Amino acid sequence: MVRVILRRLVQLVVTLIALMTLVFFWLRSLPGGPVDALLGERATPQTRELLTRALGYDQPIWVQYGRFLKNVVTGNFGNSIRTGEPVMDVISRSFPATIELAVAAIIIAIGLGIPLGYVAARYRGRLLDNATIIVTLIGISIPIFFLGYLLKDWLTQDIHFFPPSGRITTGLGNTDVTGFFVLDGLLTREFDASADALWHLVLPAFTLATIPLAIIIRITRASVLDVLDEDYIRTADAKGLRNATIRKRHVLRNALLPVVTTIGLQTGALLAGAVLTEKVYNWGGLGTLITDSISGGRDYPVLQALILLAAVVFIVVNLLVDLSYAIIDPRVRVQ
Amino acid sequence: MSDALLEIDDLKVHFPIKSGLLFDRTVGHVYAVDGVSLKVRRGETYGLVGESGCGKTTLGRGLLRLVEPTSGTITFDGTDVRALQGEKMRLFRRRIQMVFQDPMSSLDPRQSVESLLVEGLKAHGLHKDKADVQRRLRSTLDSVGLPASALNNYPHEFSGGQRQRIGIARALVLGPELIVADEPVSALDVSIQAQVINLLGDLQDSLGLTYLVIAHDLAVVRHISDTIGVMYLGSLVEEADGDQLYERPLHPYTKALLSAVPIPDPQVEDRRERILLAGDLPSPAAPPSGCRFRTRCPWSQQRCAEERPELRVFDDTGQRVACHFAEEILRGELEMHDVRAELVRPDSDTAPAVGAELIQTRTDLPAP
Amino acid sequence: MTGGISTLADHKRRRIEELTARTSEAGGVSLIRDAGRRLLRNPTAIVGGAIILLFLVIAIFAPLVAPHDPVQRFPELTRDLTVDSIPGATAGHPLGSDPLGRDFASRMIYGARQTLFVGVLATLIGLLLGVLLGAIAGAVGGWVDVLIMRVTDVMLALPSLLLAITLVALASRSTQWTVIIAVAVVNVPIFARLLRGSMLAQRESDHVLAARALGVKRRDIVLRHMLPNSLTAVIVQATLTFAVAILDAAALSFLGLGDPDINRAEWGLMLGVDGVRYFEVRPELAYFPALAIIAVALGFTLLGESMREALDPKNRR
Amino acid sequence: MLDVRDLSVVFQRKGTRPVTAVDGVSFTVEPGQTVGLVGESGCGKSVTSLAIMGLLPRRGNTVTGEVRFEDTDLLKLRPQDLRDRRGRDIGMIFQDPLSSLNPVIPLGVQVAEVLERHQGRTRQAALREARGLLDAVGIPDPARRLKEFPHQLSGGMRQRALIAIALACKPRLLIADEPTTALDVTIQAQILTLLKELVDDSGTALVMITHDLGVVAGLCDTVNVLYAGKVVERAERHDLFAEPRHPYTHGLLQSVPRLDADRGGRLHQIRGSVSDNIPWPEGCAFAPRCDRVIDDCIGDTVPLEPTYRGGALRCTNPVPQEVPA
Amino acid sequence: AESDRDSGGDKGAAAGTFIFAGAGDPKNFDPIFNDDGESFRPIRQMYDTLVTHKPGTAELVGGLAESWENDPTGKIWTFKLRQGVKFHDGTPLDAAAVCANFDRWYNMKGEAAQSQMIYYTDVFGGFAGSPDAVYDNCKAQDAGTAVVTMTKYKGAFPGAFTLTAFSIASPAAMKQYAADTVTQNGDSFSYSAFANEHPTGTGAFTYGGWNKATGEITLNKNPDYWGDKAKVDKMIIKVIKDENTRKQELRAGTVQAIDFPAPADRKALADEGYQVLNRPAFNILYLGINQKNPKLRDLRVRQAIAYALNRAQLVQTKGPGGAVVADQFMPNTVSGYAPDVQKYDYNVEKAKQLLADAGATGLTLNFYYPTEVSRPYMPNPQEIFTVLANDLQAVGIKVNGVPRPWNGGFKDDVQQFGKQDLHILGWTGDYNDPGNFVGTFFGRAKVEFGDAAMSDMFTAIGKADATVDQAAKKAAFEQVNRDLAAKWLPAVPLWHAPPAIVATKNVQGLVPSPLTAEDFNTVSVTK
C-alpha cells in the first residue's frame, strides 16, 4: 500500500513537471502578455521597453525557464502581475473560498445523491424512479451558469430570499482566521457571521452541486441495481436474512464502491464548475481568480500556479479516492 | 524417435511479475510451464491433462510462440521453431494451427464466416484465385459438416457446436500438419461434445492430421488420445499410452485424478476407492521445492522436498513418470499418510488494481 | 428411425426438417444490426434519436426553415432597438429581435446548424486524434505506449473544462476554431485511453490470438480485429461527448472565451453572451438557446446511453 | 417432505416473447433422500431450484403450481414467512462460489449472520459457532479464516464456506445447484465426498442439480432428467443408468466418453443442439433431435407417465427395454 | 424571513457607513505607482493633489496649493500651499514635503520602480539623468511656497498636477515604510509596506484596511481634514467585478452605490427609483484608419467611411445612456473644443459617390476589434464592431473582422505592428487639456494610424501644445479640431459615452466627476 502511494506520488511529480514546462513555454510564445496588461492604453515604446527589461523578458528563454524552475522549486511562484502580491498569498486567500464552496457542494451531492439514487433503484420503473431519471438527465444537460442565473434571478431579485452574491455581508467578514468564513465565525464565536456566511453559501453550493448530484444519483441507482442482481444478494436471500439487513449489510456497501470512484472524478467537474459558479455569484475563490487572471491580462504567474494547483488537487483527490476504495473494498488491499 | 513431428525439450515459459516505483522491475515469476519435454508423432493424438492453472494452455501457446518461451527448444519436422524470426515465423504458422476453447470469443464477432476463413488464406497469399478460394472454403466447410450457406453468416448466429466447427474449419483451411486444440469441447454441452470429438477423429482419419489436445477432462482425453501426458503445476508428471495410464497409473497424482473422475455408472461408482487429495493446487508463482506435488501427496517423503524428480522412462512400455517412489508405490511398499490441507491463496486478483494507472478513466458523463 | 413423419401437418414437418438440418439461415443479422434492432425497440433511444433528428433536419434545412438571414439587421427592428429595450415579437419576426436588430427566430434556427457543427466537429476531432493516439499506443505498445500514456496523464491532470479554458486562454488568436479545438483536445485523452484499454483487452482475446496463430500480419490484426472491436466503446463515448462539447462551448462563451464573432448564430454563444447580458431586458434571449441546448444535450445523452445499453454484451439476446 | 407439483415458470419481458423456462415440473423428496436434477445448460434446472426457494427475480415472471414443503405451500407463503424458513429449513448452495459470497464482508460474518437471524445468537456466539462450522467443512485454520474475505480463498475453500453457510442451521432440505461445476475434478471429489458425509450424518435431504451424469451416478437415490423445462424421465439411479428409456437420456449416456470404457471409436451423437427446440407447446421438445421420432411426438402433448419401476417417462417411443440375457 | 434579509445589508453598514461597489481591485495605495481608476478611487480619498477640479466639472481649482503661478517662459511653477494641513501621521504639509515628493519621483531608482510610474514617465518625460526629463528642481521658498522648475514648457501643465498619481504623500511615512523599494519577483513586482499597508496622505479619509478575501477596502473619516470633513464615519469600497452582480447587490440593498452599471440596466434602475448619475462624458470612442494601406491615404475614402457610418443609430442602439455622437476627438468640456467642425452625417449615397470618385470601389478592409474587454467608452466592442461593419458593407466596403483579445494581442497588433486597416479604440481623459486628447492620438507619427506623412498635422498639434498663452492655445486647438475633421480625418470619432454611477435614494451629496474622480467626503447616507 505504501509502495502504491509512493509510486503514485512519484508519477504525480513527473506529471506536474511536464505540465509546468508545457505551460511555461506555451505562455512565453504568445503575443501580448504582461507588458501590455500592465501598461494599458498608455503604453509608449519607452515604457514598454523599460518594463520588458524590468521583467527580464529580454533574456533568452532558457534563462527565464531556469529562473522559473528555481523559483518554483523554492515555492516561489513570483508575484501576480495584476495585484503585485506574491502568487502564493493570492492563491492561499482564494483557496479556502473554493474549498468551502466545493465541500458544501459535495456534501449536498453526496447527501442527497446517494439516498435519492437508492430510492430510485428500489422503486425501479415506478413514477418516482422515472421522475428521478428525467430530472437527473436535465441536471446533466443544463448549462450550470444558466441555472445559476435562473436561481439567482428568482431567489435574490424576484424575491429577496437569498443574497445575490459574495461570501458574506459587506463589513461582517473581518475575521480572517482560517479563511473559511463559516468556520471562522464559529471559532471567533461570531455566530451571526457564521450564519450569514452559510446563508450566502446556499445558492452557489446548490448550483455547483447540480451536475455531481445528478451523476451521483444515476451512478448510485445503477450500482444498486447491479448489486441487486449479484449472486451474493441471492445468497443472502437464500439465508433468509431480513430485507433491512440485506440492504444495509449487503447492498449498500457494495453499491457504494463505484459511487466512491465517481465522487473522485467529480472533483474535476467541481473545479471546472467552480469557475462558472464563482463568476455567477461573485465568489472570490480560485474560479474567479482563473477568470480574472485570464481576462485581466493573462496574469502568467497566477495562471501557472493555478494550473499546477488544480492538477495537484485533482490528482491528490483521485489518489485519496483510490485509497478509500482500498479501504472499503478488501479485494484491493492485498497488493 | 525419428517419426516425431513435434519435439519439445525442456520448454519453460515464465511470466514476470512486475512492480516498481516509477519503472517496473521484475519481482518474481509465474512458473507457468517449467521444463516440459515431449514428443508428438506424426498422425497421432497427444492428450494433455491437468487441473486448471497447471500450465496446459501456456504450453500450447508457447509451442506456437503465441507467448514467447523463456527457454527450451521446439523442433517441428526438423525445423527449430524458436529460431524462426519475423516473416519466416509468420509463414511457418500455416503448418501448426490452433483450436480454442471458447467458440464464441475466439471468433471475431464482426466477421462473417467467409471472411474469418479467407483471412488465413490471405495471410499466406492463397487468396489470389477466386474460384480456388471458393472451392477451398466449400470443401473445408463440408468437411466440418457445415453447409456452404453458412459463409455469409456471423458467428453469433450459430450454436456452440457449430461455432466450434467454424473454429476448426478456420484451422483446417490452411492445411496444417499439426493442430493444437486447447480444450476444444469443454465449453460445449454434453450432447454436443460427442459431435465435435467425432469430427476431430474423422478429420484425423481423412486428412492424416496430428493433434495435440489439451483438456482437463481425463475421460475425453483418454477417448481421443494415443498418448497422454499428465501435467501438474507447470511440468509433466507422467506420460503413457492411454490404456496403460488407466490400467497402471504410476504417479500419485495420476492415481488421484483417475479416482476422482466420476463415471456415469452407479455400480462402478459404488465400488470405487477414492484417493482424495487434500488442499488445492499451489500457486505457480511460488511452487513448492523438490517435487511440485509433494504438498498434496499421501506418499510424500523427505526426499521429495529436497530433490525434484525427473520425468524418467519407467519401463519398456515407454511409460514415463516423474516420481522418486513410483516403484515403491506400485509395489505397495509405501504407506499412505494423512496430508494436512495447506491454504493456497489464489493469485489472480479480480478486483481493480490500485496504482496500475495514474488515473484510470474519466468520463464527464456517468455510466448509466 | 426417421421413418414415418408422413402424416404430420406439413408446416410442422418442414419446420422440423429445417431444425434438424439447421443451417442458420437466420438472415445474416450482424452484430451491429442486432444492436440496432435493440435500439429501435428502446423508447429512450427513440426519444433521443428523434430529438437529434429533429435538430439535424432543422440544421440542414436552416435556409429553408428560417424566415430571414441570421446576420441581416432589420431597419424596422433597429428603429425600436435601444440598449435597454429590444423589440419582441412582431409581424414577420415571431421571436422578435436580438440585441443587434437581427431576426431572433432565424438565429435560433441557424443556431442548430452552428451548434451541431461545433459539437460534432469538436467531438470528431477529439475522436480522431484520440483514436489515433490510442490505436498507436495499443498497437505498438512498449515505450511508445508509455510515452502516449504519460502525455494523456498530463492532459488528464486538469479537469476537462479547466483544460479547455486553459487552452483557449493560451491560444494567441481566438476564433471559432479555438473553441472547437480546445473542446476537442480535452476529449483526446479520454478517447485515447478508452481505445487503448479496449485494444489491450482485445490483444489478449482469443480471436486475436487465433489471427496471430493463422499468421495474419500484425497490421491486419490491428486494423481488422483490434480496432473495429474496440471502436464501439469509443463511439458510445463520442455520442455522449457531443452533449459535453456543446455545454463546454457554451461555458467558454459565458466566460468570455468563446467565439468572438457574434455574427455567428450559435446557441452557446447566444446564451453565454447576449442571453446573460440582456437577461433582464429580454429573458427569452437566454431561455430559447438554453432550452435548445438542453434538448440537444439531452438527445445525445439519451441516445448514447441507450447505445451503451444496446451494445452491452450483458443485454445481448 | 418436499413435493413439487406441476411447477411452471414463465418469463415475460417487455417486447419479447414469453419464455417458459420450467414447464410443469413435479418431483418429490423424502427426508434423508438425495434427488438429482440433471440436464444440459438452459434446461431450467436453476430456475426450478430458485422457484422452490422463492428467489426468482420479483419482476417479469409467473410461477404456477405448488411447492409443498412439509405441508405448507411455499409459493403461497407471505414473503416474510418464507424468509423465516429459508436458511433455517432449506439451505442452498450455488454454482459459482466466488460471486455467491459477498466480496466485502468477512467470511465469519457471512456465516454468523444466518445463525443470528434464525437462532437468535449474539454476534460473538455466532462467530464461535461459525468457527466450528468452517472446521467441519474442512477449512484449515478456521479461526483466522473468519476475518478473511472470499477472494483470499481458493475456489474449493469458497465452496466449502458456502456449504457451511447453507448447513449452519441444520436445514432439513439442502438444494445444491451445480456445486462442483466450477471446480477441478480433484476438488470436485473433495466437495462431493464432503456433501455426502454431511448429508449422511445429518439426515438432511438433498436436491442435487448438475449436468454431469457421473456426479449423479455416485450420489443420488432418484434422478430426474430435464429437457427444455420438462422432466422427461425419472428413475431410481440404478435403473436409470442401466436402462435409460428416454432417447435423450439414452443418447446422453452413450455420447459421453467413459473413463472405464474402451477408448477410440466414434461416440454416439445427438443431432443438433438444445436451441433446436420446437417452438410450439404441444409436442415433445426433443423431437427434432431425436432418432426415434414418430408422428405422435409432434402431435399432442406428451404426458409424463409412470413406469412400472416407480419412475416416470415422457416419451411416445421410448428405447425398448433390453431383455436380460 | 424576507424582511430579515432586507435589513441584512444594514447589519454591516451601520449608520454612517457608505458602501460603494467598485469594478475592480486596486493595485496598491502608493499614488505614483498607479495608473488605473480602481486604484485611484481609494487613493483619491486618502490623498490630495496640489491642484484639483471643482466637484462635478473639469475646471481647475486649488487643492493643497491654494494658488499656483506660471512664469512667462512656462517653466517655473510657484505653488502657494494651504496652511495647517497635516498628513495622517501628524507631520505637517509644507513646501519641503512637496519638494520631497517631486524629488522622490525624479530620483526614483531601478527599472522595476521606474517601469511602474506610467504617468510620471508620460508627463515628466524621464528620470534623473535622462535628456528627456522635464523636471529640473523644486525649491521650498518658504514653508508655504514651493517652486518647481521645469526644463521646458509643457502644455500638460497645470492640468497634469491634478493627476491622482501626483498626489502628495507624507515624506516621513514614505521613509519609515521604505516607499521606494519596488522589487521585481518573477514576472511582476512587489511593493513596499507604504504602498500596501500604510498609505499616508492628507485626504478626507484615512486607511482602514483591505480585506482581500472579501474584496473590501475600508476607509475611516479623517477628523482633522482641512477641507469639508467626511459626512460618514466609514466608507467601504466593495469590489464586485461583474456589472450584473453590482446591480443585484444594489437592489438587494447591500451596497449604496455602484460604478459602471451595465448600459442596458440604466433605464430600469432609474425607473425603480435609483439615482442614475451620469458623469459628463470625458472620453472618446473612435474608428481608427490606418494609412499604411495606400487606398486609405485618399481623404475621400476616409470621408466615405465617415459618411457610411450611421452613428446616430449606433448611439441609439448600442450607446450607454446619455451617449452622444462625437464629431471631434475631445468632449466639449475641454478647452479647444470647436463647435463648428465639419460634420459627417449618415449618407450612404455620398459615401458611395466618394468611393467611386476615389476609384476605391470593391475595397476590402481588415477591421481589428478587441475581445474580452469592456471599457467605459466601449462597453461591448463586439457589438459595436458588428454594427459598424454592417454600415460599411452597406456602402460596398468588404469588411474582414479580426477579433483579438484585449490583453492577448489586440494592442500589439494595432499599436505595435499596425496590422489593421480599421480598428476601434478610445480614451478617457486624464486631466483637462486638449493635448491629452488629440496630442496623444495625433501629435506624432504612430503605427496605429500608419506613420503617415501627415507632417502638417503633427506640426500643427505640436505648435498648439507648445503655446504658453492659454487663449492662444485654445484657439490653436480649435483650429486643429476643424482641420482634423475637414482636412486630415485620420480617424472617425464615434461617440462620447458618459459613465454612470447609480446610488440608492438615501444617498446624498454624491457628485459625479467627468474624470471619474469622485471625492466621497460630500456623501451622506440617511437611514
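Each chain gets a letter, A, B, C, D and E, in the order it is written, and its residues are counted from 1.
We adopt the following convention: a contact is a pair of C-beta atoms (placed from the backbone, for glycine too) under 8 Å apart; a residue touches a chain by one contact, two chains touch by 3 or more.
Being a predicted model, the structure only gives us computed values, none of them experimental.
Shared contact partners of subunit A and subunit E comprise C.
Each step here moves to a touching chain, and the least such steps from subunit D to subunit E number 2.
With centres defined by CA atoms alone, the chain at the far end from subunit B is E.
If you average the Cα atoms of subunit C and of subunit D, the two centres end up 48 Å apart.
Centre-to-centre separation between subunit B and subunit E, using Cα means, comes to 86 Å. Each chain gets one centre point, the mean of its Cα atoms, and the points for subunit A and subunit D are 54 Å apart.
Of all residues in subunit D, those that touch two or more other chains are 103, 151-152, 272-273, 276, 289.
Across the assembly, subunit E contributes 372, 405, 408-409 as residues in contact with two or more other chains. Shared interface positions of subunit B, i.e. residues touching 2 or more other chains, are given as 159, 162, 349-351, 358-359, 362-365, 367-368. Taken together, the subunit E residues at the contact with subunit A in this complex read 1-2, 5-6, 8-9, 11-14, 17, 19, 24-25, 27-28, 35-36, 111-112, 114-116, 118-119, 121-122, 184-191, 211-216, 236, 238, 240-242, 245, 248-249, 251-252, 254-255, 372-373, 405-413, 415, 425, 427.
Considering their complex, residues 40-41, 98, 103, 138, 140-141, 151-157, 184-190, 192-193, 211-218, 237-238, 241, 251-253, 255-260, 263-264, 266-270, 272-276, 289 of subunit D touch subunit B.
Considering their complex, residues 150, 153-154, 157-162, 165-166, 169-170, 172, 243, 247, 250-251, 254-257, 268, 271-272, 275-276, 279, 286, 290, 293-295, 297-298, 301-302 of subunit C touch subunit A. Subunit E meets subunit C in the complex at residues 244, 262-268, 313, 316-321, 371-372, 380, 382-383, 386-387, 390, 401, 403-405, 408-409.
By the touch rule above, subunit A contacts subunit D in their complex via residues 125, 230-232, 234-243, 245, 249-250, 253-254, 257, 328-331, 334.
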